[in-house]
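Presented sequentially are two complexes of chain A, the first with chain B as partner and the second with chain C.
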Partner chain A sequence: MDSTSLIEWLRPDWFFDLAVVSDEYNRGRYLAGLWMTIQLSVISIVLSLIVGAVGAAAQGAQSRTLRALVGFFVAFFRNTPPLVQLYFFYFAIGTVLQITGDNGRPVPLVSNFGWAIISLSLFAGALNVEIFRAGIEAVPKSTVEAAEALGYKRLQIYKDIVLPLAVRISLPALGTNLVNLVKTTTLAYAIAVPELLYVAAQIWSEDLNVQEMMNVLLLSYVAIVGVLVWVLHHWEKKLRIPGYGR
Partner chain B sequence: MQFSVKQPAPVKGHLPVLLPMRSTGEAMPLTDKVFNLWTAALLFLACAAALVTPALAQQDGEGQRTILDILIEWTPTIGSGFAFNVLISVCSMAVGTVLGVGLGILQVSPLRIVRQISWVITQFFRNSPWLVLLFYCILLIPFQIELFGTEVPFPGWIKAVLGLSLPVMAYMSEYVRGAIMSIPVGQWESAESLGFNRAQTMREIILPQTVKRILPSWMNLYAVLTMATPLVSIVGVNDVMALTRAALSAEGRVDLLIPMYLYILCWFFIYCYPISALTRRLERKFSVQL
Partner chain C sequence: MGRFMTTTLASAALALVCGQAQADQLEDIKADGEIVVGVKQDYKPWGYLTSDGELAGLEIDLARDVAERLGVELELVPVVASNRMQFLSQGRIDLIIATMGDNEDRRKIVGMIQPNYYAGGTNVLAPKSVELEEWADLDGRDVCALQGSYYNKRVTQLYGPNLVAFAGIPEVTSALQNGNCVAFLYDNTWIESQIASDEQWADYEMPFETEDPQAWSIAVPLEELDGPYGQKMSEIVTDWHKTGFLIERNEANGIAASPFLQEMHEKFK
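Up next, the complex of A and B:
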């Protein structure tokens, strides 16, 4: 193979030949899909963290009923497929939860985007409950006792001693779960939320460039996950307590 | 308001006066009595019921079967669909485990380039969404291949099995690598001094010891994989999810939606919950007590 054909084979201009780069219409759709995926991910991550924190706090509560309820919630959401959960929310509850719109026709109360966020947050939140609880349990008893000896109140101990330590302990597991959550946002495809996979499928069914769009899609997700991993890693390093770990 | 001191532990020299005082038996303020979680939950349920009831009522016709009857009637269909899901999960688990163990061993290869390549493959498949990998396999593998001059059909579900086994392979590879790295170096050294070569050491000394460490994660991975199998319905394989949606459109009743989806969720829950419970028990059993 001589050098010209090698360069031709390598195609240095391949990047500008991509349908999502060269075609303005496709580029717009792709970027809208990317933005939708990022929105889905960020909102679900925040909500799942809230669900996790509230659930973990409830599991440390006095009331046995409350603890049992949270335990059931966690067990159920951990052991059923996220796709079926999404279908349950969107097709079952979403069909029933309808209000009368302006033109007298029934209009869904929550959009498909809303149901995707609710379903993803609850699924990831159930796993976060477990992760946070494990983190809280891993805080040494003697640290809590030392705080008690110093006259801290229960809430103060939780806020100033246990939580900061527990967050640091649970960060690695939390990172894995959040990466999983970002990957799970592709499920929103099933209820026609125009996220990255959905627009990619639209583009490849119109332009018949399945392989190219597939590669673009995979690389996009690897990039998004890469950014998230980088942020979490950075955060982990920043929060590191001297004298713990390596 | 009364105070009581936590019961002192039966340790000699453990003075109760050193333990913190906790207040108990405090009277609950009226606001907390009225605006607590229970009333909130009751209010929420009441609102939900008020929203749901009209939708149920408008479907009330004469001579309709009860929902329970319909569920029982569809149970054989759903059961066979679920069995298909289990078959897919078992097949992908088998393929993924074999590939993953191989890739995991390559990840600790003495050759640097092999280590790096297998690391990249593992990370790539571990960090891409399952659904995208599934689409990749479904759309890019031909629907039939020519083998020894004869056309062998390649049905969708086998492609789905391959698609699901790719992430399983990547996760398995990480587990195997972690487990091999956690075996003390002394095991390698003593095997070497007994005259084992690298392949023999790996096969007869290191890998058998990793089984115990991998088993809980492997079972957990199987549960995760089973919960991922409904994804194949999106790419057009007739699994339990596709059958359920067909059943729902055949019945065409709005009040059936919630019970039917809950029913499917229960099938998966009943299958996956024992696995995860057993996993947790094994984890506790094998864990090192500090």
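Up next, the complex of A and C:
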């Protein structure tokens, strides 16, 4: 067997026959969709972690109003479906948040991508608040008292003692929520953010290759979530304190 | 007794399965006493919901006529562009009468009944203040569209708009009125009837030359196209043209006279 026929034999024809590989127009759209999904995921993950940390800190505050506000925020975002939130932001709040352009036409202040980021971050952030709170409550009281005895202030205790331990305790639950967040980015399809599901649906309604695109879509998400799970796992291992927890 | 019952039931079930495999769909429909037709519910006045929540419109009239001619009850199932062909091939509906354009690609998936019963083209609905003049003006602009429309790809490749495609017409009209896009890429037939009949479009126009004329077909499952079911449907559509039923229903639903219908009427008269 000479080398060219070996390459020929190794070449998986089905892969090169895929509509998202063989057709240049479809390939471009697919890659743009993949990039959009990655952007949505990464930005929402970062923002939701910030929302979660700030929210959990506020929940431990002395002000009763602040605690009630956080409680309301969590209840609102945890008790409503993310798709409904997305529609609410885009179609209800979006009509109010606009300015009038030069030709008298309304110009929206936040784009559909912007609303997707806001909605996804708040939704996952609300769940992160609860996850971090559970982690914070699991930090032994005696540890906090020991820090107080050493003269640490409230904020210092939160930043240097409670949060680092709480993050480690929260990691498994946090991982589940972040994986869910990545999968929830597909909802942005509903407000026409051109992410993976959106472009896949465009391609299959034009090329009528529903079955093929379903397979491509499924494997794409397996890969994306696989990377996230690997990172989280790696992180969990790195942060492990010998003798603490497991 | 128990075993006798099991055997009887098993053979009855077997007979049923074999019977279904052999009979054609027309027989099945008549045996069930019901035909399930997929129609649009957001395409006034072809297929829409009245304020009482009833489906009405030109295509609902056509579906009713089909059921009447077959002597069966009519069940209407609302469909959208991106799911109607799947519904048909999965057997959820028996017939599509849902503003569906007839083309080569689709003929590989569903049985497009000839002759075509209607025809439309592509245009945009845009606020007059945007001042669009020709198709090339769409280049780089956000243009709303409907997921699954056949012209999305063609228009994107030719004129380079940034398509913002939604699942249904209510979402699109809301986005268009909010300024999320400068125009709505859609069928000229729908745009014409909307501008003519609905106050909310008073400051809107259809600025371009209608492009890419497309004949519409009703559709049966692909394997039924040449069978008795497909032939019966073809006869019915021919008769609609011949008797002027389509022209009469078109007018009764308040749609502007269609040159295509006139031409077909002359041809089959």
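Following the convention adopted for this analysis, the second predicted complex is superposed on the first by the 229 of 246 C-alpha atoms of A that agree within 3 Å, B and C clash if a C-alpha of one lies under 4 Å from a C-alpha of the other, contacts with A are read in each partner's own complex, and residues count from 1 in each chain.
Assume contacts are C-beta pairs under 8 Å (C-beta built on N, C-alpha and C of every residue); 3 or more make two chains touch, one makes a residue touch a chain.
Keep in mind it's a predicted model, so treat the numbers as computed, not measured.
Trainee: Between chain B (first) and chain C (second), which does A:190 come into contact with in this model arrangement: first, second, both, or neither?
Mentor: both
Trainee: Of the two partner chains, chain B (first) and chain C (second), which one does A:205 touch, if any: first, second, both, or neither?
Mentor: It touches chain C, and chain B stays clear.
Trainee: Which partner does A:79 reach: the first (chain B), the second (chain C), both, or neither?
Mentor: Only chain B; A:79 stays clear of chain C.
Trainee: Which of the two partners, first being chain B and second being chain C, lies in contact with A:104: first, second, both, or neither?
Mentor: In the superposed model, A:104 contacts chain C only, not chain B.
Trainee: Looking at A:112, would you say it contacts chain B, chain C, both, or neither? Reply first, second, both or neither.
Mentor: second
Trainee: By residue count, is chain A touched more by chain B or by chain C?
Mentor: Chain A has more residues touched by B than by the other partner.
Trainee: For A:218, select first, second, both or neither according to whether it touches chain B, chain C, the two together, or no partner.
Mentor: Once the two structures are laid over each other on A, A:218 reaches chain B alone.
Trainee: Between chain B and chain C, whom does A:66 touch in the aligned arrangement: first, second, both, or neither?
Mentor: first
Trainee: After lining up the shared chain so the two structures overlap, which partner does A:95 touch, if you call chain B first and chain C second: first, second, both or neither?
Mentor: Both chain B and chain C are touched by A:95.
Trainee: Taking the stated contact definition, name every residue in chain A that is touched by chain B in one complex and by chain C in the other, in rising order.
Mentor: 91, 95, 98, 190, 201, 210
Trainee: Under the touch definition given earlier, write down the residues of chain A that touch chain B in their complex.
Mentor: Spelled out, the residues of chain A in touch with chain B are 66, 75-76, 78-85, 87-88, 91-93, 95-98, 148-149, 151, 179, 183-187, 189-190, 197, 201, 210-211, 214, 217-218, 221-222, 225-226, 229.
Trainee: Sort out for me which residues of chain C touch chain A in the complex.
Mentor: Those in contact with chain A are residues 81-82, 85-86, 105-106, 108-109, 127, 129-131, 144, 147-150, 152-153, 157, 164-167, 171, 174-175, 177-180, 182.
Trainee: Under the stated contact criterion, what part of chain B meets chain A in this complex?
Mentor: 18-20, 37, 51-52, 55-56, 124, 127-132, 135-136, 139-140, 223, 226-231, 233-234, 241, 245, 248, 254, 257-258, 260-262, 264-265, 268-269, 272-273, 276
Trainee: Inside the complex, what are the residues of chain A that reach chain C?
Mentor: 25, 91, 94-95, 98, 101, 103-108, 112, 190-192, 198, 201-202, 205-208, 210
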